[in-house]
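Below are structures written as structure tokens.
Look for chain A in each of the two complexes below; its partner is chain B in the first and chain C in the second.
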Partner chain A sequence: MSKLEIRSPLPGTFYRASSPDVPPFKADGDAVASGDTIGLIEVMKTFQEIPAGIDGKAITFLVDNEEPVMAGQVIAEVEQ
Partner chain B sequence: MAIKVLHHGLATTVQDLGRPGYFHLGIPVGGAMDRLAMRAANLLVGNDEGAAGLEAVFMGPKLEFTEDALVAVTGADMPAKVDGVVQPGWTAFKVKAGQVLSFDFLKSGARIYIAVSGGIDVPVALGSRSTYPIGALGGYKGRPLAPGDELPVGAGSLASEGRALAEEYRRKPGTPAALRVLPGLYWDRLTDEAKDNFFADEWKVAPEADRMGYRFRGGRKLSFVERKQPFGAGSDPSNIVDSCYPYGSIQVPGGTEPIILHRDAVSGGGYFMVGTVISADMDLIGQLQPHTPARFVKVTMEEALAARAERAGLLERLRASLN
Partner chain C sequence: MTIRSVLVANRGEIAVRVIRAAKALGMRTVQVHSAADADMLAVKLADEAVNIGPPAPKKSYLNIEAVIAAAKATGVDAVHPGYGFLSENGDFADAVVNAGLIFIGPSGDAIRLLGDKVAARKVAAKAGVPTVPGSDGRLDDLDAAKKVVEKTGFPVMIKAAAGGGGRGIRIVNSIAELENQFPQASAEAAAAFGDGGLYMEKVITKARHVEVQILGDGENFVHCFERECSLQRRRQKVWEEAPSFLLPADVREKLCASAVALAREVKYRGAGTVEYLYDEDAQEFYFIEVNTRIQVEHPVTEMITGIDLVQEMIKVCGGATLSVKQDDIKVHGHAIECRINAEDPAKGFMPAPGLVTTLKVPEGEGIRFDTMLYEGYTVPPFYDSLLGKLIVWAETRDACLARLKTALEGLVVEGVPTTIPLHLALATDDHVRRGDFHTRFLEPWLESDFATAGDKKAEVA
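Take a look at the complex of A and B:
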């Protein structure tokens, strides 16, 4: 069982959900498909959807909601 | 010769050195946020300094070349790749017809400048090829690039590949970034305590920062001297009777979050300005990522002029080094 990393392509502020009153895109332990959105990065007054980019059985987030992230920072790990 | 846009990155625009002369009509100066990096990229591929290139912020585009070209990428540290092979930054390299230029993750800085021999040959609008997206002016159809766009490229000269810019010209912001500021016309609106706090506090680049304005937060709220509201000014103590906004001026709406007006700024409005970032430090702002710590450093007019002369000297040496 191997783990793959999902990195943020952008610096900005990470959000787990599309708005504060809806559930997060993915919870820890959820399965992910490559095209699934796992979060949003807010930068320059726009929100960019972050796709998983990989398929996997279980996702674990390493960055909290509303936490600042840098480009290239690992935001989640995915078990294959 | 054309470049096909396979992916646009986050916000990639055609930019040159800008269109000065129209700010009084509300058309911003525009052009590269880091003009030294733009100039250097052009010189490395044998272009005029003022040729149009691409500015990409935080995330690089993916571009397919239809003919051979010489390319240089300057500014932020974001490794360029040709068909997956990493190329050195601040160095001219060849891209052959059919090859794809893409980029790795951003490592430091914020904006890269991509120059192509011959320059991006979009129509000139008000004296410049720079894109001003809010006004749908200049650049490629007045907007940031999108997948499927085909960028026309001019005829290039025969500069040689492998030419690199010496390390000393590759300026990077310190930590915290130090931005030198000349206090301005409305400086007397602040209390003595606020004047001290503005320069003493550490600020951080806000994620909203863009080509129009670089917003900062994290410092203490500024307090204002009591006054009778002037005729024509808004009721907030940070309001003034509408005035011209210089490029580089720092407004602080409500006294909370300083905003440095940059290349695509509005030209006037009703917020007081504490001062103006000196011209020598404006390029540096274009390389600040969100959440980067920054300090404002108070300078005198003499110091600002000396810094400008020093910057002009550096540019002269840079030009000579590539001749």
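Take a look at the complex of A and C:
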């Protein structure tokens, strides 16, 4: 079973939910489809949705909510 | 007490501006910074720097305990809050004073009073400053809102009492919309600001944003004339001028006098700005709000009056009497400021941080560039996109526009996209030249004139 990486296309602050009062887009262990949003990156006060980009199972997040990320950093892994 | 040392509780270009002002006054300077800002220009310029926490603003620049601890540890006399972050937080001002230090700004009580939009409207009315027709204060319920509309007519704005900076505003055009939106607006305000209080104002459809710079030492109060800031995108100012050149002289006199009356009403100390909407057809102005801090666009006022506003606010908060009297303050020439943001105007103003590989700054008479940039600096993604402000002065507005165009052509920032192309287009636009604009001019202009100009350029290339 191989693992695939989902990388942040942008530097910024990573958010797992669209606001603090709602559940995260994806919980650890969820399956994802390529078009699914897995989080938001805040870049200079604007928010960009991050799509999974790949289909997979059992997503594992490697970055916590509200943590800074660099462009190209792996934010999550999925199993194929 | 004379201030001998100051801590700057901010970042970016305004931190640089405050450090330079404090140094010019012979003060020792301490710059706080987040872990992401260790390389910023203000840190390099300051005598001392203190890391106060992780990149996220609420863990560093908005962390009152961390800022106060840094001030105590470095033994400074005073704290300058800049703009944004904690600058209009009354509790922060109190915390600075309770630590035995001077807060460079008005008292915590004055900040809270003027920061509550409903209370500020009442203060303005008491000082004889005209306010936009609307509710006299907080609206108890929908019925109260309906009574106000009978008086003002539509459209009206529903605003959150605890909102500000363009947030928490809804526009409604009919009774049906009002009935629908009022409860939603109240619930949203409660969620966003912890206060569901609402008030209402008539929408002035074609208005200019005009604001008056005030200075006070607690006993003496002056104005430094007005600025025109109507060119806005998403309620954020893009381009500012001083003076508001089409304002009739008698209106200017009344407008500026009303701002001084308001400053006197609250015994204002420091630099502040009273913001107004100006209805050009009716020649009426209406109070919007007071900003109890230095503003981004303060340099245009400095350029036409010769007053260093940042030095002046530091001096009066240290206990000095205002160094200028009203009769000494004169307008000379015209100034324009362009906000240079790390945004791509050709791609919907998408912001982009990154490494600045080249920086060329124009020089010459009447040209000033207030910036956080240097070659080799990496603009971090965690804060706003303002890189710097190009400010140009000349004897007349036409000469100022011509000089601005040359200065913009000489300003080179490579490595990140910037809004320089937008400002070049504005500097040569006929509407802008005639002063034929209002607060809702820029967004449609970007969709039409600016978009078309971009297409033509692409065809030629």
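Here are a few things to note about the model shown:
Quick note on the criterion: the second predicted complex is superposed on the first by the 80 of 80 C-alpha atoms of A that agree within 3 Å, B and C clash if a C-alpha of one lies under 4 Å from a C-alpha of the other, contacts with A are read in each partner's own complex, and residues count from 1 in each chain.
Please note the rule applied: a contact is a pair of C-beta atoms (placed from the backbone, for glycine too) under 8 Å apart; a residue touches a chain by one contact, two chains touch by 3 or more.
In this text the structure is predicted, and so the values were computed from the model without any measurement.
Superposition of the two complexes onto chain A shows a clash between chain B and chain C.
In the superposition on chain A, contact is made by A:Pro9 with chain B only, not with chain C. Once chain A of one complex is fitted onto chain A of the other, the partner contacts of A:Val74 are absent, as it touches neither chain B nor chain C. In the superposition on chain A, A:Ala33 makes contact with neither chain B nor chain C.
In the superposed model, A:Glu66 lies in contact with chain C only, and not with chain B.
Residue contacts after overlaying the shared chain place A:Lys45 against chain B and chain C alike.
Superposing the two complexes on chain A places one region of chain C into the space of chain B, and among 169-177, 277-285 or 367-375 that region is 367-375. Once both structures are placed on chain A, chain A residues 10-13, 42-45, 68 are touched by chain B and, in the other complex, by chain C. The part of chain C that touches chain A in the complex is made up of residues 36, 54-56, 191, 342-343, 350-353, 380-385. If you check the complex, the residues on chain A that touch chain B are 7, 9-13, 42-45, 48, 68, 70-72.
On the side of chain A, the complex with chain C involves touching residues 10-13, 21, 42-46, 66, 68. Across the complex, chain A is touched by residues 10-11, 57-59, 105-107, 110, 207-210, 289-291 of chain B.
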